[in-house]
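Letters are used for the chains, namely A, B, C and D, taken in the order the chains are written, and counting of residues starts over at 1 for each.
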Amino acid sequence: MSEHALTLSCPDRPGIVNAVTGELLRHEGNILDAQQFDDVENGRFFLRCVFALPEGRFDAFQRDFSRLATRFGMDWTARDRGVPRRVMLLASKFDHCLADVLYRWRTGELDMTVTAIVSNHPRDTFRHLDFDGIPFHHLPVGKASKAAQEQALGALVDATGTELVVLARYMQVLSDGLVARLAGRCINIHHSFLPSFKGARPYHQAHARGVKLIGATAHFVTADLDEGPIIEQDTQRVGHQHTPDDLVRIGRDIERQVLARALRNWLDDRILLNGHRTVVFGS
Amino acid sequence: MSEHALTLSCPDRPGIVNAVTGELLRHEGNILDAQQFDDVENGRFFLRCVFALPEGRFDAFQRDFSRLATRFGMDWTARDRGVPRRVMLLASKFDHCLADVLYRWRTGELDMTVTAIVSNHPRDTFRHLDFDGIPFHHLPVGKASKAAQEQALGALVDATGTELVVLARYMQVLSDGLVARLAGRCINIHHSFLPSFKGARPYHQAHARGVKLIGATAHFVTADLDEGPIIEQDTQRVGHQHTPDDLVRIGRDIERQVLARALRNWLDDRILLNGHRTVVFGS
Amino acid sequence: MSEHALTLSCPDRPGIVNAVTGELLRHEGNILDAQQFDDVENGRFFLRCVFALPEGRFDAFQRDFSRLATRFGMDWTARDRGVPRRVMLLASKFDHCLADVLYRWRTGELDMTVTAIVSNHPRDTFRHLDFDGIPFHHLPVGKASKAAQEQALGALVDATGTELVVLARYMQVLSDGLVARLAGRCINIHHSFLPSFKGARPYHQAHARGVKLIGATAHFVTADLDEGPIIEQDTQRVGHQHTPDDLVRIGRDIERQVLARALRNWLDDRILLNGHRTVVFGS
Amino acid sequence: MSEHALTLSCPDRPGIVNAVTGELLRHEGNILDAQQFDDVENGRFFLRCVFALPEGRFDAFQRDFSRLATRFGMDWTARDRGVPRRVMLLASKFDHCLADVLYRWRTGELDMTVTAIVSNHPRDTFRHLDFDGIPFHHLPVGKASKAAQEQALGALVDATGTELVVLARYMQVLSDGLVARLAGRCINIHHSFLPSFKGARPYHQAHARGVKLIGATAHFVTADLDEGPIIEQDTQRVGHQHTPDDLVRIGRDIERQVLARALRNWLDDRILLNGHRTVVFGS
């Protein structure tokens, strides 16, 4: 049997689950996991279904399912879980998120193909990290070269068949053009508990305000900076004795974990967009 | 429409969800929420389904569903969510859990009918609590009177049509006979992070061991003391500066919250037994 | 022996602790607990010291200490821990914080004298709460009557010798005049993780933004609404399935705990002001 | 000025802090941080004091302080914070803790000199880790060779002037002889929330018991396996859906963080032994 993931959303109405499971039965599919959510505010229904099919039946299933999907007005995707997703990692000078993602990838905790590691800093910045054969691209950015650099970045995304771009503490603001091009497939880790402390130096902002918890936020990147749909967040207790440098240090742990959870959930087909918010089916 | 909850478990096999949703469709039911779990270790399938039916259709649905249930070998229950569950609260001298449960019941956070409040201490012990018309029964326990007291307790459970007995810091060990009689419908809050520190004075045990976190555990009561299926747990950070009395104080907050979450999940049909463990469908 | 608490802040320089402990020794005092903090940013030193003195020595100690305090330019307070602080509780319609504070006061978890309970709603709003002889004052607020109501409130604070005013979900904005009058001795519990979601209906704001954690904040009240020095905060995980009403329910638990921790720390002389931030010496 | 850390414990009595600070004043020392704890159960006093001295005064200070220490019956240590502690890291097959410690060491989060990395597995096991010039020693263990291996290990500890041995998921039980030799200077990370689930395969034990939280524990190694003084612990929520493998994965994050916090606190002179428990002065 082959293992597949189906995610969909559509206007809520009776019979959706029965129709979907009926289609699966007709193709001798076996449901391994299923989660659903009715958004009573906008009347939209969301489903994640992981199932097994007899070898070679996936194409036929998709063909038949597309008819059903049309009938219910579904936004849907179905994929073979045996084929790892293709993910590109971007980082600047701080490499704690990059190092953490690579470690989890190596242990199999993050099941993906890393198509490339890209930085505006040279390879030597990460000399202590074993990239294990993953192509590295140094794409420096300057005022003049920004457009060209983003052109190269976009081309690389296409050429590598990248499905998701992860900004793992990549400290460059993407242009609206590139953001639009990567809509729904670019995740950023922001080093604050959004919507608090948007913009630059959030840990210094947090220290100045005297908050008793700091946090980090993984979100989809949109043209509206730090306003994209939130995927995952977490916080940690801090106190009056902590300097901004302490917050930066403590924050690294939060950032690592929040980004890793967001990425793992994305790879596991658990994240669906619901307007400017997300549906994240728990694991 | 009337709202209902269906919970079931049965040997896993293809077609279960499709059959269940088909039966619901035939009765013009609409699924409001559904969660499932396949226990790959024992091949058992668990389902919780909340749905709406046209008024007056519930009996017919249950009749038809029982046939389907037999076919799949299901343990199942279906109930009308419009009828609050009947819960009996037992407490001894410490009333923080009792006071907390009553407060949440009053605000509607815990949707239930409290059939009775029972204690081995007199009403005056709780003079600061407004029982709001809930019958109170003082059932003192002595070496000689224990059998008779449990007799009275069991009779009260039957007479009041109590569906769940909550030991809200009731400091009497129930006899095997009473435990058997209440099997699967009696919840206890234990003031430690089980399986650590079973038995008496767990906070003093925790202090003596020098742990850096203390906790509490809500579990079903079984003849095997402190070994029943765990429903919910939580922990809180403590330090060398905390005395056993501090742990008791800090623990009160953990106990209150853990018991309240366990009870709320039970009332919301989210807890299923899986051997000596529980399946708790998250909210 | 009698137990006392000394809190002070002054410009940092060598010899402070030695001078303070020397003064205590001269009066045969014994230090029970001491915590200090040097704020390297502003060069200010903070100290909390709990100590025991022979009966009848406190006045003499204070007299001598005031000379030392002048020498070091100290802001300082010293008090007899045997005399409970005098605290006034204000609430509006929602009574979960009020009920929680009263419960903790009754168990001795909060060692204080409650001088009065004040509400803009009538006593019947809290009919399920046993005020246990604490005077209740119904001070309704209307557009026209606001000035008069605050006049009465301020007079009550003075008449009762209230040292701290706790806004336990008191949903009225205090005028700048009253805020100034209560400067440094008025604590509010805000139902969001400040600085996020200031102002009205923070849980609805949080839901609209799709955050994955909600929180609450206890802070000193200043003329700058929701901008006062933060004393304590905490957060709880939420998800896409939670409605604004769920957030309100989950938030009640956070509010109760955050306010209780802030109040307990204040009663235990653990909170010092450091400009627009706080120093909170942990327990 | 040079920066130093003084830690001590002695029978509690009036005048300790005054005497210590007096000695510091005489040597023109300036206190940067100080924390104390009175254990009322055993009447013992604990102090951690970080201070600055004029260059070249440390030896004289220690000479004078030793007299004071004798007078108060102090167990004490004073050290130059400018000299990094010497730490040896031991690991077996799983390298998540080793990789994490090395990363934090590289970023400066853990200020120490790693004297050696030792494993019972060959260097190739860690081929993806950059040891950055740290000597690696492969000391395989077999039934017959255990005594010889521990002999070599002990010799290496001495030869390298190692002050602390960290068992970073080193899966060999040390003999009583070696444990005695490393008494008070060997830390282990145990992959359970002790005292629950001692011994082998704790995550499988936790899954079998159906707990709702799993944890990890950093503790000093004693002859009594998994019974040593606890330094740091933490827990994480799990559910019925998690397999033992999931617990192992989730546990890796807890282990990493708990070990890192314990090690950082040790390097920062924050951990004192108090019988079979620890005093950990918070940061």
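Throughout what follows, a residue touches a chain if its C-beta (ideal position, glycine included) is under 8 Å from a C-beta of that chain, and two chains touch if they have at least 3 such contacts.
The chain lineup, named per UniProt: A, B, C, D = Formyltetrahydrofolate deformylase.
Note that the structure is predicted; figures quoted are calculated from it, not measured.
From the C-alpha centres, identify the chain that is farthest from subunit C.
Measuring from the centre of subunit C, the most distant chain centre belongs to A.
Weigh A-C against A-B on C-beta contact pairs and write down the one with more.
If we tally the C-beta pairs in contact for A-C and A-B, the bigger total goes to A-C.
So what's the Cα centroid distance for subunit A and subunit B, whole Å?
Here the centre of subunit B sits 37 Å away from the centre of subunit A.
Express in whole angstrom the distance between the two chain centres, defined as the mean CA positions of subunit A and subunit C.
41
Give the residues of subunit A that touch two or more other chains, as numbers and ranges in rising order.
In subunit A, 241, 282 touch at least two other chains.
Touching subunit B in the complex: which residues of subunit A?
By the definition above, subunit A touches subunit B via 14-15, 17-18, 21-22, 24-25, 28-36, 38, 282.
Once bound in the complex, which stretches of subunit B touch subunit C?
Where subunit B meets subunit C, its residues are 96, 99, 103, 106-107, 109, 127-130, 132, 241, 249, 252-253, 257, 283.
Give every residue of subunit D touching subunit B within the complex, in rising order.
On the subunit D side, the touching residues are 37, 39-40, 193-197, 209-213, 215, 229-235, 239-241, 243, 274, 276-280, 282.
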